[in-house]
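As written, the chain order gives the labels A, B and C, with residue 1 at the start of each chain.
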Amino acid sequence: MLEFSFWDILSNLLLAARWTVLLSVIAFVAGGLAGLLVLMARVAPVPPLQRLAKLYIELFQGTPLLMQLFIVFFALPLVGIETSPWTAAALALTLFTSAYLAEIWRGCVEAVPKGQWEASASLAMGFSEQMRWVVLPQALRIAVPPTVGFSVQVVKGTAVTSIIGFVEITKAGTMITNATFQPFLVYGLVGLLYFALCYPLSLSAKALERKLNVAR
Amino acid sequence: MAYRFDFTSLWDYAPVLVHGVATTVGLTVAGTVLGVGIGIAGAAARNSASRPLRLAVGAYVELIRNTPFLVQLFFIFFGLPSLGIRMPEWAAAVLAMVVNLGAYSTEIIRAGIDATPKGQVEAGASLGMTGPQIFRYIILGPAMGKIWPALSSQIVIVMLGSSVCSQIAAEELSFAANFIQSRNFRPFEVYFAATALYLALAVLTRWILARLGDRLFLKGAARA
Amino acid sequence: MSLVKLSGIRKSFGSVEVLKGVDMTVREGEVVAMIGRSGSGKSTLLRSVNGLERIDAGVIEVDGECVDPGQIDLRALRLKVGMVFQQFNLFPHLSAGENVMLALKVVKRMGKADTRAAAEQALARVGLGHKFDAYPSQLSGGQQQRVAIARSLAMQPKVLLCDEITSALDPELVNEVLSVVRKLAEEGMTLILVTHEMRFAREVCDQLVFMHGGRIIEQGPPVALFDRPSTPELAQFVGMVEAR
């Protein structure tokens, strides 16, 4: 049997961490863009669109990420798309992220005073112009801290993709544990790696929020 | 090629699903009661005079909030036996949920406590109440009322998150789904049904917690 | 010639009917003040003139543009009707100049140089040419309200609606805003104001409209209305206001 030194374990975990980071970034960016669309539908003055977006958000916030992953993983082949742990993980996390971000941002949009909508309406702006030039610039400013805070949830969410076989930190940890029989050390290191990724994000979210509160 | 959906074969496994739902509910109830208990204790400790205690609780909260639940679960179930601490799957699941919710609710409840007007504490002190008495009788109730919606959301998140406990073979709902799809080879239908059950549980949990919050914290509270 | 014509305007909030069939005409260049107690429907009526409140029945006609309950496209109407609000509602993330330029740019799609020139001119008209780059948070309430007026003026509306535009101001700042409005009136701007400034209404307005219970129950030249109210409601209102 192969001997694993501490450094072997750590370097293997660090190599796997690249995939955690990559998946997080993809889910966060793609989820952010999709979330912006969901947000538009959620706040547009078109009731059927609003209801649809609300349903979308409630579905993703009311079901486990693990089930979302399984459904995407097993549903894609049904519509003729070849699936892999990688595509299923990226797609499911993107959808998950879009729903949560849309809901966070809706709160920020609603925090923009009604008078801003009225003033821009009285200047003959339409919904998309009001959003683009008046409401979003103000909403996004207060959205930065909770958005950064949510990125922590995305990073942590990637751990669940290990269950459908995507090899990121957690899956690598399981594989190394099976080879080394040192679960305490390996999962301890896995936890610390996640902490190293997430804690700076949490701290900056907090700092940004403090800065925003001072500015107001 | 059109896929034919077939949910009928699920009926044969209804008892398995029921067992899964019951286990998920059981885990959630145990995790919630103990987790919120820890949260209250943790929030009190965060306000205590002892600096080491405050730092220790702060470290616990940050460590848990910045690592995935799945890894916490694996550490407890696979890692702790190295120290001679062994427990059955369900106990590891409950412990992980308690530790997780404990950290989040510590933070949530602390925020509620921080929002307590200073005058109320001073009024209590001027009546000769001790620190713990002030916490118990003056601060805690209104603070819990204020943060109840946030705490409720967190409880739902923990309930949904418990789905990964299938990975240590705790026999909850997603474990049941895995079991069934390994028998009837209908993964999409099975996971779809399990997802629907989770959604129902989430809606129900929110509803129950909202009623409970009204009963516990609404009496005579004209909250400003 | 009438510029604004309201006929049979009705509006309910839930089961409460706040406008019970209002008719009113405003001629070009006329200055009209709407007075009445709070809850009389005057603000709702004003807000419906540029579509901030959707009316349930009736027709609003401004310079040939028609709006009725079935017509939802308000853009054409709002290009002719400007509005100034009690709470200013300046866009806080934009400077005074940018506040004025925004709609010129995105609605009227004017070129960069024209936009800038129009904004500078509008700010100069309200006496704030030197505050082009100041942000709303750096301006006094009176200055903010003057920027809001400039923002509306720059769109070159046919009529300007003013909804209690001095009510949120500290007393010492009221006059700088009223004198801007007075100047606009002298220049021939068509104005419809909801106001509690009775002295101002008496001095500046051509026509006074007294609303009560969702209806216009008296209207005419201010001096006549103030000095010889023909309904007990107006008499009581005038007495109340003058006792203050």
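Quick note on the criterion: contacts are C-beta pairs under 8 Å (C-beta built on N, C-alpha and C of every residue); 3 or more make two chains touch, one makes a residue touch a chain.
As the structure is a computational prediction, the values presented were derived from the model and not from experiment.
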Exercise. What topology does the chain contact graph adopt: line, ring, star, complete, or other?
Worked result: line
Exercise. Taking every chain's C-alpha mean, which one sits closest to the mean of all protein C-alpha atoms?
Worked result: A
Problem set entry | For chain A paired with chain C, centre-to-centre distance based on mean C-alpha positions, whole Å | 46
Problem set entry | Euclidean distance of C-alpha centroids - chain B vs chain C, Å | 54
Problem set entry | Rounded Å distance, chain A centre to chain B centre (Cα mean) | 21
Problem set entry | In the complex, chain A residues that touch chain B | 59, 61-68, 70-71, 74-75, 78, 80, 152, 156-160, 162-163, 170, 173-174, 177, 182-184, 186-188, 190-191, 194-195, 198-199, 202
Seminar exercise, completed: Interface with chain A, chain B side, in the complex: residues 1, 3, 62-63, 65-72, 74-75, 78-83, 156, 160-161, 163-164, 166-167, 174, 177, 187-188, 191-192, 194-195, 198-199, 202-203
Exercise. Which residues of chain A touch chain C in the complex?
Worked result: 113, 115-116, 118-126, 129, 132-134, 137-138, 141
Exercise. Okay, in this complex, where on chain C does chain A touch?
Worked result: 50-52, 74-75, 78-79, 81-83, 85, 87, 89-93, 102-103, 106-107, 148, 151-152, 155
